[in-house]
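I'd like to ask some things about the structure below.
The first chain written gets the first letter, and so on, giving A, B, C and D; residue counts start at 1 in each chain.
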Amino acid sequence: MLYREAGQFKTSYQKDQAIFPIRQDRIAVWALLLAVFIAVPLLADDYWLGSIITPLLVLSLAAIGLNILTGYAGQLSLGTAGFMAVGAFAAYNLNIRVPELPLIVDFLLAGVFAAMVGMVFGLPSLRIKGFYLAVATLAAQFFIEWVFTHVGWFTNYSSSGVISAPPMHILGMTIDTAVEKYLLTLSVVAVLALGAKNMVRSRIGRSWMAVRDKDISAEVIGVPLLSTKLSAFGISSFYCGVAGALWTYCYLGTVEPAAFDLNRSFQVLFMIIIGGVGSILGSFLGAGFIVLLPILLNNIAAMIGHGTLQADTMANLEHIIFGGLIIFFLIVEPHGLARLWQIAKEKLRLWPFPY
Amino acid sequence: MKKSVLASLAIGAGLLAGASTPSPVMAQAMEQFMPIPIYRTGPYAAGGTGYFGGFMDYMAMVNARDNGVNGVKMIWEECETAYDNARGVECYERLKGKGPTGAAMFHPLSTGITYSTFEKGTADKVPVVSMGYGRGDAMVGSVFPYTFPLVTTYWSQNTAKIKFIGMKEGGMDKLKGKKLVNVYHDSAYGKETIDILNKQAAMYGFEIKHFPVAHPGLDQKAIWLQIKQFAPDWVILRGWGVMNPTAIKEAARIGFPREKMLGVWWSGSEEDMRPAGTAAKGFYAAGFHPAGKNFPVLKDIEKFVQSKGKGNIEAERMGTIYYNRGVVTGIISMEAIRTAQEKYGKKPLTGEQVQWGLEHLNLTAARIKALGGEGLVQPIKTSCNDHEGGGAVKFQQWDGEKWTVVSDWIDADKSLVRPLAEESAAKYAKEKGITPRDCSKEM
Amino acid sequence: MSDLNFFFEVLIGGLLSGVMYSLVALGFVLIYKASGVFNFAQGSMVLFAALTFVGIMEKGIPFWPALVVALVVMMVLAVGIERVVLRPLVNQPQISLFMATIGLSYLLEGLGQGLWGTQVRALDLGIEDMPNETIQTMLGIQVSTFDIFSAISAALLVGLLALFFNKTRVGLALRAVADDHQAALAVGIPLQHVWAIVWAAAGLVALVAGLLWGSRLGVQFSLSLVALKALPVLILGGFTSIAGAIVGGLIIGASEKLAEVYIGTFTGGAVAAVENWFPYMLALVFLLVRPQGLFGDKIIERV
Amino acid sequence: MSGKRNIGDVILRCDNISLSFGGVRALTNISVDVREHEVMAIIGPNGAGKSSMLNVINGVYHPQEGTVTYRGQTRRAMKPHETARQGIARTFQNIALFKGMSVLDNIMTGRYTKMKRNFLWQALYWGPNLKEEIEHREVCERVIDFLQIENIRKTPVGRLPYGLQKRVELGRALAAEPDLLLLDEPMAGMNVEEKEDMCRFILDVNDEFGTTIVLIEHDMGVVMDISDRVAVLDYGKKIADGPPEEVRANQDVIDAYLGVAH
């Protein structure tokens, strides 16, 4: 099938405003949804589902969260993992303290708690900008980590400060296999990703981008800076919070606060840099890249075989390649994988003609 | 330019898919697979490379000298975790099904990764063995069938430490009125012993103060000034990585005698002492095995592996604490496989079968001698209910260059640890809705 | 010991810790001032410098020649970074450059450890890290000789940098660039050279910091984490001021120690291990009052 | 200026405005009023305080002294987004578009204050929200038609030439359907042809929608042609105010423009 939009005329603004205005794209999206909901669970084994695809999806959600804040609203944040931790611990406490609540409600409320914490730490953003703000968000990161390590109530007074997700039930079904956890994660991520896409093409998304691109003219048009920035912090943290809850319930099962340390924040930041700052699709592509690259390099190392030197070199090479790729991407394509995808699509649209 | 990026992405995707498809299963291969979730990078790389270096060297030696365990060759594969929980889980999942029969067992070498994998291990029937780390209550095998905190847990070790202090003070009754400080890494690992220390403080009548050190612990002045003011008789150090030499140096700066400091085994490697230089002289550390190369088993490794250039670590790191811990791990793991083979036959075993071996381990003094590990390994006997087995600790002192053993095996106070573990395990079982196995019915 | 004496010990200990933080912060300031790049890789440069130095010494080369070689390596590295990383990104937004330096930090960590190994190494500068007896007898408080040595080293380094910036032609050029990139270009100062020089200067600072921190912690991966100690110093002092880095360091060092000791005491030990977040919170609160930091340039937006 | 507009009452009055930045006086005791439906120009040499005056009117700067009265309501400190809600829109001297967004999105952002649905509806993009998006899209499309930029509506503004960017910025302000439109040098940097286009748009806006316009301009010639009234600032002081012909003949104005020493 050729990728052409000739002959597809939009007869109403509604059609032009559709999320995928080109017919082939719509077909592709439906095919993709079918694939991820039906084919993937049938084809992939537990290893792929449980320890690659599920965490990848969860981190994509966190990356969407960060992308809303950093990519769309332009507020650089290094506190992502902190907000994920709020979600994780909120879901756990809701789950064990208010067992009547359905699990999905726990997850959503966990997001709401994370959003509230995010908004508190977003308050300084009105006065502080750029790198100063980035460093200030580190305060959130370290402070949140500290609170969960030191306030016993949050971990139900577990002596080692570790929380362990209770068994999951949704509508009487028990969620415990890799496939079930994958489907739960996928559903949550798919719905929230669609919501994010809708928001960024609506009024609120435009107001975020306006603040990012030129805050003064945004304000002159009537976009209130503080509440817009706070909404970005809140909604971004909501996504991170839900991601944190999923990370605990559907991936690790047992977590200590250190599971949400600064390295996790950086990991998510790298995802949006490589995937594409200001792109929902990019959040997925970036998460895929960052999750899969080390595994790929590690597999190559394993294929080459063992021997101290190679193994040591490969492990460090992983860092070198990783760092190198980030620089490479910034130089070659600052807009990340999402832009490459777009370019590829444009090429395909014209193919086989060069122009 | 753009095109080449796309092309390389496509190639990368292909490689990824190719690399991770499981290698064709050779059903008849006489091979037993062992996962190696190593960390060669990050702040704790010294521990990861030393420990797994020793472990792999031991397995290589068994393969070269004895043609494997009863003719079943050990094979293994590394997976880099970078000491990150999430990557540890991925490594566990990646490696658990490799080899003809899947992973024999899984050594996470990280309390965090232990926490993240032990439930998966139970579900997959892969024993998760946390030798000298992990959760203390997992010794209760009826609740944690596939989790083995072998040799000694933090809790057991802690009681041995108090015994050692008692010995140094001239009797346990002399502990009354003494002041102790627990300086710990502010993480799940560091917090493990707070409760038991408080219990013991009440028991023996000493005063205990806990000081958490925020990760990574680069600067601990404030804490050590407080310690100076508190003027304790002893300081117990539960550090990890860079926190250890820093703590020892800070102790030196406030003039606290290092002879009154006692480290957990993660605070007791050469890597922890050397950066502290002369300040570390006199420091004690607990350990379930000594350092040094003067054991027959290490000589065999030298002969069959290292001298042939097949070592998994630089030769000069042989005999260090981390390396020897890896060797001890190897000895005990191989013995568990051998034990299981007695029941299931001399062939590659599944994790479920190895679990039986781990649960019926009986490493006697004579057997240890035969394995060339006399003085390196302590006798261990496990059961369905007791997944710890040993529990004894040796103390060593740093003389500025190397470790010297200064005590015999000191047994843990099981009468104190066991009820605590059972209480905690019961709480866990209740939270998770687990019905404990009835160990009287197990064979 | 009297409470007052104890207070002073904590205070002085904190101030001296602060000097160590300032040392790392200096490297950030140098680069930010001249190129507007927030160099996240400064911590990795500290690690890389120390690793290189110790690695060279292990080859049997004595202290001073090893120091010179390490310095040369850092300079080559600086020129390399300018060529490969910064030049292609010259017109990109600040944030891209910042992110590139994050990539750079990974690269340097891998490179350093790949070249010299992951072992923990001791580094002995021959200065005792023990209470100085002269001071103890004179003032009755314990201050480590090593801390005093560090403070003097830091002072010398700052003096050296001040001389360089104020008295040399290149230094003046650097200041011109810091004030206005366009203007500097207009008077014909090649930006690339300036950047390479600044990165080399930051490499020197990293080497000094690496030696001092390394002899205290041992040369190991965790050295790169000293950057986290320097960031609150930066926000407090302002990204563009060398004086700010010093004063900020002193304030952060002293207040974090006092907070750890006294908040812990007042709350009966319930609030402890605050050293990770306290400096950040302090800096954050301070920023709310003065968004450009203590000595930073005031940002005036024109419409 | 011909036209069927009825120049009405004063809708905006600035009384004795004084503004200074850390001791530097930008505006001194300035009083200006603007009547409904008129085109009023503020001119003056560089640094005369023209932009500061606009910034005072829409709340970017808050004067130390004096009052601004808009539609009978006197205010002192009001945030720009609040003045926007009262129907004041503006453009900037140096284009201040949202560079990462398309032309259409820039103009849609202009509708911000008119849209009501909360973010939950927006996340659904369905029902009332979809209806709202389409209604406002229609308004924006009228603006796009009016400014004749249909062919670039999906282009990111960063890729457009200068003249078009200026036009898009005007479009963004128009999308807000303002009562009072402030234009800060709308023709700066344009060639003659572009200037003529811009003049036409300004007059058409004034004519068709009855929008009151206050504009700042450097180029005296253009201003005199399209304005109903002209105020002249020099060194932060008002030196003249009146119909174009009158101002043109004013000696102070001539001196100021020729740079005669005061």
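To be clear about the criterion, contacts are C-beta pairs under 8 Å (C-beta built on N, C-alpha and C of every residue); 3 or more make two chains touch, one makes a residue touch a chain.
Since the model is a prediction, treat every value here as computed from it, not as a measurement.
If you take chain A and chain B together, the chains in touch with both are C. Greatest Cα centroid separation from chain D: this falls to B. Chain C has its Cα centroid 36 Å from the Cα centroid of chain B. The mean-CA centres of chain B and chain D are about 72 angstrom from one another, to the nearest whole unit. A straight line joining the Cα centres of chain C and chain D is 48 Å long. For the pair chain A and chain C, the distance between C-alpha centroids works out to 33 Å. Among the residues of chain B, those touching two or more other chains are numbered 40-41, 49, 186, 212, 214-215, 314. Each of the following residues of chain D touches two or more other chains: 60, 92, 96.
In chain C, 109-110, 113, 117-118, 272-274, 276, 303 are the positions where the chain touches two or more neighbouring chains simultaneously.
Considering their complex, residues 38, 84-85, 88-89, 92, 94-96, 98-100, 102-111, 113-114, 117-118, 228, 231-232, 234-235, 239, 270-274, 276-277, 280-281, 283-284, 287-288, 291-293, 299, 301, 303 of chain C touch chain A. Looking at the complex, you find that chain C touches chain B at residues 1, 6, 9-10, 13-14, 17, 20, 109-110, 113, 117-124, 129-131, 142, 144, 213, 216-222, 225-226, 229, 256-257, 260-261, 264-265, 269, 272-276. Listing the residues of chain A that touch chain D in their complex gives 12-14, 17, 19, 195-196, 198-199, 201-207, 209-210, 212-214, 216-225, 231, 235, 278. Across the complex, chain A is touched by residues 58, 60, 79-81, 84-85, 89-90, 92, 96-101, 105, 108-113, 115, 117, 119, 122-125, 129-130, 133-134, 137-138, 141, 172-173, 176 of chain D. Per the touch definition, chain B reaches chain A in the complex via residues 1-2, 5-6, 9, 12, 15-16, 19-20, 38, 40-41, 49, 53, 56, 76-80, 84-87, 89-90, 92-94, 96-97, 111-112, 115-116, 118-120, 135, 186-189, 191-192, 194-195, 212, 214-215, 311-314, 424, 428, 431-433.
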